[in-house]
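Once you scroll down, you'll see the structures, which are given as structure tokens.
Look at the two complexes coming up: chain A is in both, with chain B in one and chain C in the other.
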Partner chain A sequence: MKQFTYVITDPVGIHARPAGLLVRTAKAYESEILFEKDGKSAGATKLMALMGLGVRCGDTVTVTVTGSDEEKASAGIEQFLKDNL
Partner chain B sequence: MDYRKCAQDIYDKLGGRENLVSAAHCATRLRLVTVDNSKIDLKGLEDTEGVKGVFQSNGQLQLIIGTGTVNKVYDEFLSISGMTAATKDEVKAAAAAKQNILQRMVKALGDVFVPILPAIVASGLLMGILEGLSNAIPGLTESGTYTIFHMFSNAAFVFLPILVAVSAARVFGGNIFLGAVMGMIMIHSDLVNAWNVASMTAAGQTIPTADVWFGLFDIQLTGYQGHVIPVIIAVWLMCQIEKWLHKHVPEMIDLFVTPLTTVCVTGYLTLTIFGPIFSTLETWVLNGVQVLITIPFGIGAALMGIVYPLTVVCGIHHMYNVIEAGMLSSGLNTWMPIASAANFAQGAACLAVALKTRNRKFKSLALPSALSGFLGITEPAIFGVNLRFVTPLIAGMVGAAAGSVVAYIFGIGATAYGVTGLFGFLTTTGYTVPYLIELVVTFVVAFAVCWVLYREKEEETEQEPKEAQPEQPAVTCVPGVVYAPLSGTVIPMEEIPDPTFAAGVLGMGCGIVPDGSEVVAPFDGTISTAAGTGHAIGISSPDGMELLIHVGIDTVSLDGKGFQLLCAEGDTVKAGQTLMRFDPDVITKAGLSTTTAVMVTNAEDYETVQLVKTGAVRPLEQLLEAKVQCPV
Partner chain C sequence: MKSLQGSGASGGVAIGTLKFYRHDRQLVSRRRVEDVQAELERFQTAQAAAIDQLGKLYEKALTQVGEQGAQIFEIHQMMLEDDDYCDSIRSIIERQSVNAEYAVAITGENFAKMFSDMDDDYMQGRAADVKDISERLLRVLEGEQSDAIDADQPVIVAADDLAPSETVQLDKSKILAFATAGGSVNSHTAILARTMGIPAIIGLGPEFQAELYDGKTAAIDGATGQLYIEPDKETQAALLEKQAKLAERKRLLTQLKGLPGETQDGQRILTYANIGNPSDLGAVLANDAEGIGLFRSEFLYLESQDYPSENEQFQAYKSVAETMAGKRVIFRTLDIGADKQVDYFHLPKEENPAMGMRAIRICLTRQEIFHTQLRALYRASAYGRVAIMFPMIASVWEIQEVKKIAAQVRAELTASGVPFDEHVELGIMIETPAAAVLSNQLAKEVDFFSIGTNDLTQYTTAVDRQNQDLGRFYDPHHPAVLELIRLTVENAHRNGIWAGICGELGADLSLTETFLAFGVDELSVAPASVLPLREKIRSLNQSNRQAILDRYLEVR
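On to the complex of A and B.
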């Protein structure tokens, strides 16, 4: 299991478009990727759930990656967050 | 395997009948929707004999049972669970929907014609107006502007077979472009124009012929301008051939073989078999009506009034010009008043339908069709309205008979041909009052008969519950169907002005360019996301569909300005319930597009997500249809 935290810097947070791209990125990996904010969690492949987290600018999200390619997935997601959010 | 035992074992582990919402099956799986998944004994289900696997997906409980057995288990399951009643009723309803061949043919004719009505109505009205004006204003036909508008007015009629063919191909499930080709073949410019055949024959000119079937016989090379029935028959045949070939030709060579064979076979059969049969029938009818109108005491005229609309249905009426021309050469045209009564009566019957129907969409169709009929162009009224319900057609025939008798009594004659209906006054200047009486009698009889006899069928009024009763937003939701959440114009997903939506990153769906300011629930469901900024709503249905309604592009940047959410996360909503109001002006003033994306975000759970509506859409019309994926 890999876990890291990330502070959202995008002014509008995880809204539809980045959420869609995030889902696409997350689907490329075997591992289960979980986003958590304030006790609520959402699978990174579930668009609605991700948007339902209501992540805004300045919020901290905890990302948990579990699975066969967790090293790669974790790095990939972190890179995605830095690039997009 | 004991299907009943298997079904019973499954049923016992589901937490009772009241926990069951719906049951369906696909090729391999039994798909159940339950109220509370925690009441299900999953472990027990996995151990049940006959159940090869259990998993939960999109709110559905799916049990893998296997091809060929799942349907039998399903049947037993229905009988055990008592869920049969609904299904049997559905079967009953389906049986009631079965109609006889004639009814289905009439319906097909209507289905083909309704989509092309705007084209016909535009042409018909313009044609009526131009013909009237040219009779009222001498010398008008010399003007260049008239020539141009005259061209506009008859374009849709000259190329009618192409319009009909495209529409018919869509109705019969063929390729619409191949359909268009069939239509083009039938009015190809190398064929003699059907409108000119009569006058050419009268003038002693020969119609070119071609020998066919290796010299077996000759056919006349004449086109099918103005025809409807032969085109529909040809396209129907084409669709059968095309579908058969698609099924039997190996996919690799399908694109080479199927279209080529379809066009060649259908085209040849049409021109060499249908064509001659049809033109023979046409000649018979023409000879027949000429005998008919010679029957004395107005009986002939009355009969002709009755038959006339039927000949319009068959597309033979254009041959009448030759009769009228013949009459004019030796006196007055007494055919025209009959034609006029027949046309006017169809318009009157159509008007009765327009005034009586409670279906708004139908009203908007019937009104201009009736008007066009009064101007002498009856195709919209006949094909779009009267033929579909038969009663108005018959009412029109009765009215026509009455009017024709009046015309016979007064001996009304016209000085030209081609103009009927209201503009007919211009060519019957010697009989203004009698002609007026004729039209009034025609109108009153046709309208009254239609008004009394025409009964609105249930399905016509209930087709669009939202439109009929705008105050009651209730629709019966069909699983997998997304009803339009707002009014506007539908655009394909690819045309949404945002690459992320257009590329399908957020799911499959479409865009709506709104013309209102309200978003309603597209089905019964639960609000899964209501963005804090108010511009996007996620809703999930009990059968597991997740839908995102994203109002405007980049509207997240407005941070809620111009948006008013009327629902909250977790709310249970009914289809048609208002979920959000937005101010389109705020969006446009910010330089953003109001195009609203309607996306099935879990499109991967479906085999296809299809757009079933194009163009203008009103709230709660069917918009998208998702078919359940079913891996074997």
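On to the complex of A and C.
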């Protein structure tokens, strides 16, 4: 299992467009990728649940990656967040 | 004539017939089904068809509104494929042995509610997207064709609310404007309307009904959110004039957006905007200003009942700096006094306020006020490209004292670990003849000059600019004023700093060539004057330079 935290810098938070891209990115990996904020969590392949977390600018999300390609997936998702959120 | 007030969602003016667009939102009935498997397959087929429709809409939107605007349909596709959404539909069909329509309607409502209950405007707006995809599924399930507007001539499309897919499906050549009773400025429909350049007003309220207004003539002003039913002649004329101005600006924008203010032979001059309130930022961006050359900080003091706190000021400056996203913002420190009075300052009444306790003189006398403002400005500098400018300087010692206070503020912030930009440019307004005459010495103290031509003219010619009777004596083209401007720019350049003009004269296109000949580096004007000025600059070259320099002092 790999875990890291990330602070959202996008002014609107996890909004529709990057959430859509995130789902697409996450689906490319075998591992299960979980986003968590304030005790609520959502799978990274689930668009509505992700948006439903209500993640805003300045919020910290905890990302947990579990599965066969967790190294690669964790690095990939972290890079995605830096590039898009 | 009757007028309704909504929120302006997309600027522009339109006059035409109101045509109400009806959704015919059918009630979905709950039916028990025998063959659950067949019902699941019906849903599967409808989902595929809906995704296919969205793919086509995406292609259509791509050509109409480009990648950014079209993305919403990709998002809708992904929402339709969302595991949770589809699981919910399937589970309702399976567990309750009911029809797919019912399962879709219930799921759509639940998910829309999840978004509308969120404590965030943007997310609340997403409820409309969930409803939109659910309605699409329902239409497919019920074998309906999606309805398009049918009108012989262009109309103002009116509705309770419009879904993004409806907005794009409408035949653009038949739409003069959008007007809706509900909706939010953040909705995709509002965004699409802006991208398509179609005026739109939303949130006109429940009173905006087909029963009352369908088929009536209306005029809308998408900038102010005003809708007039059966507008009278004057209103129509005023709006048409506004439309003509907008069209002119649009022409300038298409031609000049993103282009530098540069003469034909390559002399570069920055075209900035003057503003007095964060609410003017929209105009700054809409007119493609390269920066803000004068941000009058008085609004914070004029709008409040007591001295604005450091934090209040910091938040306001920060949002301006952030919005300008790295473009230079020159904040002018407090310029109260003279014609701008604030009660809680308790300034004694003066015989001659224009020459009295004002601007930097207040700041240096009551340093706690100044100190608070400087702290707020330096803190905001961590969020953009902030420059600070001091008004009404007449002597070298004044700016030296100002710089000491600024250094003290920086030291305090450093000591308490508060981030700020170490390289904030400090400049002064040149608006007293004394400052212009001393510009060679003053230039050694600061990073830039900005010439305030209104006060400079009044002090140089000793003519009160607020006295209407003195009109013909108040001459901003006075050769003495022009000479002080030239001298100031020359002394700035001699000392390696830049000089701009932020007074009204900057927008006087009959002087643009003269200012270029003087070597002025920046002109800051009202937002609406930025593009006309840029157009003027781009039409000039320096071939007349010598002739102008020989001639500007001529007595008229």
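Operating definition for what follows: the second predicted complex is superposed on the first by the 85 of 85 C-alpha atoms of A that agree within 3 Å, B and C clash if a C-alpha of one lies under 4 Å from a C-alpha of the other, contacts with A are read in each partner's own complex, and residues count from 1 in each chain.
Operating definition for what follows: a contact is a pair of C-beta atoms (placed from the backbone, for glycine too) under 8 Å apart; a residue touches a chain by one contact, two chains touch by 3 or more.
None of these values were measured; they are calculated from a predicted model.
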First, second, both or neither for A:56, with chain B first and chain C second: both
Contacts of A:17 with chain B and chain C, given as first, second, both or neither: both
First, second, both or neither for A:75, with chain B first and chain C second: neither
Which superposed partner A:28 touches (first chain B, second chain C, both, neither): neither
Touched partner set for A:1, first chain B, second chain C, both or neither: neither
Shared chain A contacts, counted only where both chain B and chain C touch the same residue: 12, 15-17, 20, 23-24, 47-49, 51-52, 54, 56
Chain A-facing residues of chain B, complex: 498, 500-501, 505-507, 528-529, 531-533, 536, 538, 540, 546, 548, 550, 556-557, 559, 569, 597, 601-602
Chain A to chain C touching residues, read off their complex: 12-13, 15-17, 20, 23-24, 43, 45-49, 51-52, 54, 56
Chain B contact footprint on chain A (complex, rising order): 12, 15-17, 19-21, 23-24, 47-49, 51-52, 54, 56
Complex contact set, residues of chain C against chain A: 71-72, 74-75, 78-79, 82-85, 111, 114-115, 118-120, 122-123, 126, 129-130
